[in-house]
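Below is one structure, written out as structure tokens; comments come after it.
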Amino acid sequence: MHDIAKGSVLKRLNRIEGQVRGLSKMIADDRYCIDVVTQIAAVQAALRKVEEEVLRDHVAHCVEHAIASGDADEQRRKVAELMDVFGRSGR
Amino acid sequence: MHDIAKGSVLKRLNRIEGQVRGLSKMIADDRYCIDVVTQIAAVQAALRKVEEEVLRDHVAHCVEHAIASGDADEQRRKVAELMDVFGRSGR
Amino acid sequence: MHDIAKGSVLKRLNRIEGQVRGLSKMIADDRYCIDVVTQIAAVQAALRKVEEEVLRDHVAHCVEHAIASGDADEQRRKVAELMDVFGRSGR
Amino acid sequence: MHDIAKGSVLKRLNRIEGQVRGLSKMIADDRYCIDVVTQIAAVQAALRKVEEEVLRDHVAHCVEHAIASGDADEQRRKVAELMDVFGRSGR
């Protein structure tokens, strides 16, 4: 991964880890469940951002590398992989 | 929250915290991004389970409490809250 | 269903039927697939609006009716039904 | 689009058009709203199948064509387009 994207993703994941710890504290403290669910939605949104950043970096590097190489089979593999990832994510 | 549900949710959140830490390690170790995205999907699924468990407990308690109270206004508030939660979660 | 909501939902469904027919025409005319997918997303969004309107009307009537009746068992059934609907929609 | 995929997609869209008409009838007949919402979910699922089939055909043709052409710029455009499509679909 590019160093800039890596730093940004690690920072995001660090924040997410804190949010999950915060969720545990909310549960332990018997916080109102609607607030807990709202907080879970915030973590989900933060994870989607990470996923998007990781995929964008992947396309910018692995896929771009396959394109630059001119290796058609490698390009097919990369595109199949991408399709697979999108197929899996429960859209 | 019920003690049993509480224990179960806290255990799940603990595991999720570990998974997020694992994600940071995958990024730091330059693991293949498709594997990272697969792992992100696993965390999302785990969070959905927590959300479901929290909501189920909420209905079993807060909403049930409002029903048992016979207080129609309180019941309306609870149902409006639930609708709100579902409207927000980007379905 | 309330007459006003009913009219609004029927109008929406009519428009959606036209959009689906439009999709068939796009396919038959060999329109660019990315445009087709964009149009599919528009239909999905329109269906979500219908779903929301139908549920809102349901809560305003059936659930409200159960609340006004003071019949706790009926209220439990209605809430269980709502939870079920939300559990099913692949959030 | 390939003739086989085209026939299959048109058949699916035809069935979806019928389902949407069925939804209008359910609304007009004051059918129970939970049944309406269940039917809406079925249409959404059917549309996702169409989307998947259209995208699969797109990758098998347009993207494959770009790969076979060896034209790197065209390949970049196709991958950017795919990323765009997936970014838009409210995952």
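All chains are identified by letter, namely A, B, C and D, in their written order; residue positions are counted from 1 within each chain.
In this section, a residue touches a chain if its C-beta (ideal position, glycine included) is under 8 Å from a C-beta of that chain, and two chains touch if they have at least 3 such contacts.
As the structure is a computational prediction, the values presented were derived from the model and not from experiment.
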item: Where chain B and chain C overlap in contact partners, by chain label; value: none
item: Approximate Å spacing (C-alpha centroids) for the pair chain A, chain D; value: 24
item: Separation of chain A from chain C, taking each centre as the mean of its C-alpha atoms, in whole Å; value: 30
item: Whole-Å gap separating chain A and chain B, where each centre is the average of the chain's CA atoms; value: 18
item: Multi-chain contact residues (two or more partners), chain D; value: 48, 55, 89-90
item: Category of the chain touch graph - line, ring, star, complete, other; value: ring
item: Residues of chain B touching chain C in the complex; value: 48, 52, 55-56, 59, 63-64, 67-68, 70, 72, 75-76, 79-80, 82-83, 86-87, 89-91
item: In the complex with chain D, residue positions of chain C that touch it; value: 1, 6, 9-10, 13-14, 16-17, 20-21, 23-24, 27-28, 30, 33-34, 36-38, 40-41, 43-44, 47-48, 50-51, 54-55, 57-58, 62, 81, 84-85, 88-89
